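Presented sequentially are two complexes of subunit A, the first with subunit B as partner and the second with subunit C.
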Partner chain A sequence: MIYYEYKKDHNKAYIFHVVKNISKGRFLRTMRVGRNSFAGRLLSRVYDCFFSETVDLLDEYRVYHSSEYGSFSEFLQKKYCLPDEVAVEGEDKLLKHKNTALLWRKEHVTGDYNLEMFTMSSDGALNILNSVLGVRNEN
Partner chain B sequence: MKIKFDFVTNSSSTCFVVVLKKGQEFKEDQFMKCVGINKKSPVYPMFLELFKMFASNMEPFDAAVASHHWNKGRQWDVFIADVFSADLVKKIKLAKERGDSLYFGTLSSDVNALETFVCCDSFKIEGKNVYIDATNSSW
Partner chain C sequence: MDWPAVKQYVSQNTAAIVVGLIITLLVVPFLKGLVKWPFNYIRECLKRRKQNIAIQKKLLSFTQDQIQKQINSRKYLPDSYIEINQVKEGLRYFCHPFLFCNKFIDHINRRDFTYTNSVLGKEIQQRIAFKVFRKLARPSLKTFKAKLGELNLSITRNAAVLNNMPEKSNDFPWQARWKMEETIAKFNVLKSRVLVLLDDAGQGKTNLICDLTKEFLLKLEVPVALFYGGDFYGLNNSSMKAFVTERITGGTDFDSLNKFIDYECRRRKTNFIIIIDALNESSDPNFPSALNAFIGDMLLNPFVRIILTCRTEYYDLNFKVIQTASFAPEILKIKGINSKLEEHEKDKLFRKYLSFFNIEWKLFAGRVYEKLVSNFLLLRIFCEAHQGRSIGSILNVYMLDLFQEYYRQIRDGIKGKTNGNDSIQKVIREVVKYMVDSRLHKDVPMQVVIDKTAIDKNVILKLIDENIFFRRDVVDKTGVLLDGEVISFTFDEIRDFLIADYLANVLLPEDEQKFTQFITDEVLPQKPLFEGVSKYLFFISKKDRSKQKLNQILAKMGWWEEKYLHYLFETNDVDLTDQDVEQVKREFLSSKEKAEFILKTLIYYRYDPNTYKNLNITMLFPLLIGMSDADRLQKFDAFLIKRHLSTYSGRDDEMRLEHYFEYINEIIKAKDINNPALEFLFFIASAEKTGSVTAKNSLSLLYREHQVTALAILEKYQNCNNEYYKNRAHTLINEVKPMRGGV
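Showing the complex of A and B:
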């Protein structure tokens, strides 16, 4: 699910390749937890934490930058400082896998350090998120 | 003088209280019902880990309080009034009067992602026969 991680503006940043439009309700239903239970509230916080301050890169490109940059991969290279091959492969991923998105997100943006550490660690909640949001047969 | 620009790491510990209605035991199925998880849930293993974490870290309340390293020879009621909120102290005293089973436990942020998260979070789990309170200390 984590496609690329790097440092940008002195902060760690991630790019996730995820299935698009998985609502919180669908996420909780897949996890088979009720919204008002302890488990439901916990996973709801994890979901909110993951999606806080994320940018859908293709949406951003289409809405604001398509006349400025000749292609999506050029936008990724120049605006998000991605290496050429990572940008090109990122564009390929979206072409290959319909209904998926590249989400960009900085680390520690939620104000809840503890929740963020848990959400973003693979022995914490990241594998749980991946089981729902991850793109199947990615490679 | 050294100036650190990144996060400073530190380990933390916290305590929790478990109240079980008279005659009840701390059991997996009861705990799962309280947190709202059924056996078919993909996150059942995570909540099973949480159950085991509580079960393996809790001791009978009075003995644990008497020997706890935070307690430096203070009287029982002075110590609990110092460590817990007024609301929780009331619950503990009421549980004692009723003859409910009371347990005290500690968690550490040094063990794994789940225990670190739970250690630094603040929460209550309430069920028909079980009450877990970990609100006393959070970051």
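Showing the complex of A and C:
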């Protein structure tokens, strides 16, 4: 699900490859927790940690940068400074998996715990998140 | 005709006839005009359209030419800009506000202060929340301004809420403040109409501006006129407007320029961008006031936006008039356009430079790569000096040769353009002479150079601005320098090279005593010139063997002994002689520390006798054979025990031994069986220390593929005078034969 992580402009940045339009409600339902329970509030923060202030890269490219860059991978290489092969593979992923998106975000953007603190605290956490948010047959 | 009846009719209806005639006289021209009007309008429109298309074409070709000028002068390397920070994004917002206003709205709609509000909820009454804004559906000046007002209200309200938050709390979410600052910065760019980019010399302002123009403005068909400070001279307060009008429209009518701007911007739903890059490059004293008047005039057209770039200290000193002008509130300054590059970005830029200069390469040694990417000015010099060549593997950068080649290219380039004019030589010589005479190593007064060289100031300014050799600075006018302008070298290594060159080739032949005095006083370990000048003097003494005197004077210096080996191994191999190799052998035997340094340098870098014909790994063979057991244990085996030679750990030092083994592998594959570097396998294998397993494997591979060569190496040492190596050769023959081999 975490497609790529790297440093950009002195900040850690992530690119997620996820199924499009997963709402917080759907996420909490899939995790089988009530919105107002303790687990629900915790997982709500986890959700924000993934999705808060993310940029849908393909949308951004299409609306604002398609005249500037000849292809989506060129946009990823030049605007987001991704290594060439990562950018090309990113474009392939979207072609192969319809209804998925590449989302970009900076770490610490909400002010809450960072992604690693939430997901790496136990081995299973990332797997659970993958099963909910990730793209099947990929990880 | 019945005239009486007509007369009677007229006399009875005189009034009606008169009224009828008057009406006819009035209505007919009106009707005629009504019929003509659309034709005239269409004709006028077509004429204006034709005129606008002509201006549009002229503008496009003008801007493209301006970019090409910078490509030719190499101030702009196409495709080399890496967007490491938000500066270029800010410029997008500024140049195409109608489009990027929506991107800003996306940005602000994404802003999430949920966590901030939850942490600080108890301490404050209000919450931080941006309302969801609708995007600009029909971009126009009117809708854009209305949207700006709406955004401004929301940002101001939320910023005020955040500012009122108490920061005492330990868990105050500092990200909230940072996010708000980022949003405000973006908004300020969006609403301002004059953007000033400020940074020091050589930071890539021109590269950024050209990249923005070529890759963004022209591709999005935003009308843009690109000028350089140096384009403007002989100005008065109104002539700048006329000059710009002439360049853009080909005529002198400012009104037609304004009409064109209105027409283009309404049609394309964009703004008109005027860029003036490098304000500091204009030598016209009236430029600041002319620019001030020009900006004032241009901003009367609501579609116009202006970008200026300048060296920071020049702007602060010379363009105060702009900072206090009536349009000052419309100005936004961005100081510093660069950020530190991440490793992958450095690598990207490194490859782009080499590709732009059409350099084919196979390998860069780690230390060379590090040196080049840690200073992109040096990388630039390296690329210019090697452009269009296939350079193979670069294990060393010979700075003396590099700078000499670079200087030669610059000098020849200027001579070629100016029919043999040697102005750059004169300027460099005077700058360096002043530095040596005054014992200063920067800030040479411009006036001194003008007086001594008798070259026109404008020519000197052009030379300085077109070459990365020099940097023009302004010193405090309250100081001793009346002119206020000074020249320095952009890069300390170049300065040191040029000073050393002047000392060895001009001062020493002219005045030996003065030369010696300078060396004794200034080329001392604690002085700033020491590292560079001592090194380049050493290189020059090795390159030009006729400079016996130089060699003798240097050898008397206190630092000579300590620096000798370091400098020798940095000297281009073609400049070394047998005498130098013999000296290295003596140094090797003189101490364990020196032996370690020599071994490390030979084994890690100088293992290829084809590349390093004079001083290479083969130098060690007779030395090792001639050594006593105690000496060998101390000066060779002890070195191999060290972790340096481990081939398993990933340290850079250790990786270099891998290069030797890789090289051996290539030799064996290429059947270069007479290569003497192969013999060193015997010595590593004999030591039975780290690295010996790989060496034995290589020997075994050699034995399998080229049995005669492998045996010849081992038999050679079976018959040598050293008992230890004799025995090791016997044992190794038996060990190598049954092995399967492979590296």
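Going forward, the second predicted complex is superposed on the first by the 124 of 139 C-alpha atoms of A that agree within 3 Å, B and C clash if a C-alpha of one lies under 4 Å from a C-alpha of the other, contacts with A are read in each partner's own complex, and residues count from 1 in each chain.
Just so we're on the same page, a residue touches a chain if its C-beta (ideal position, glycine included) is under 8 Å from a C-beta of that chain, and two chains touch if they have at least 3 such contacts.
As the structure is a prediction and not an experimental result, all values here were calculated from the model.
**Q** Is A:94 touching anything from subunit B or subunit C once the two structures are fitted on A? First, second, both or neither.
**A** neither
**Q** Using the superposition on chain A described above, determine whether A:37 touches subunit B (first), subunit C (second), both, or neither.
**A** Touch status of A:37: first partner only.
**Q** Kindly classify A:2 by the partners it touches after superposition: subunit B alone (first), subunit C alone (second), both, or neither?
**A** neither
**Q** Once the shared chain is lined up, is A:117 touching subunit B (first), subunit C (second), both, or neither of them?
**A** Only subunit B; A:117 stays clear of subunit C.
**Q** Output the subunit A positions appearing in both contact lists, the one against subunit B and the one against subunit C.
**A** Touching subunit B and subunit C on subunit A: residues 10, 108.
**Q** Going by the contact rule set out above, which residues of subunit B touch subunit A in the complex?
**A** Contacts found on subunit B: 5, 7, 34-38, 40-43, 46-47, 112-114, 116-117, 120-121, 123, 125, 139.
**Q** In their complex, what parts of subunit C are in touch with subunit A?
**A** Contact set of subunit C toward subunit A: 82-86, 92, 99-100, 102-103, 106, 110-112, 114-116, 119, 173-176, 179, 215-216, 219-220, 339-340, 342, 344-345, 348.
**Q** Sort out for me which residues of subunit A touch subunit C in the complex.
**A** That would be residues 6-10, 45, 48, 52-55, 60, 63-64, 67-68, 78-79, 81, 83, 108-112 of subunit A.
**Q** Touching subunit B in the complex: which residues of subunit A?
**A** The contact residues of subunit A facing subunit B are 10, 30-34, 36-40, 43, 108, 113-115, 117-118, 121, 123-124, 128, 131.
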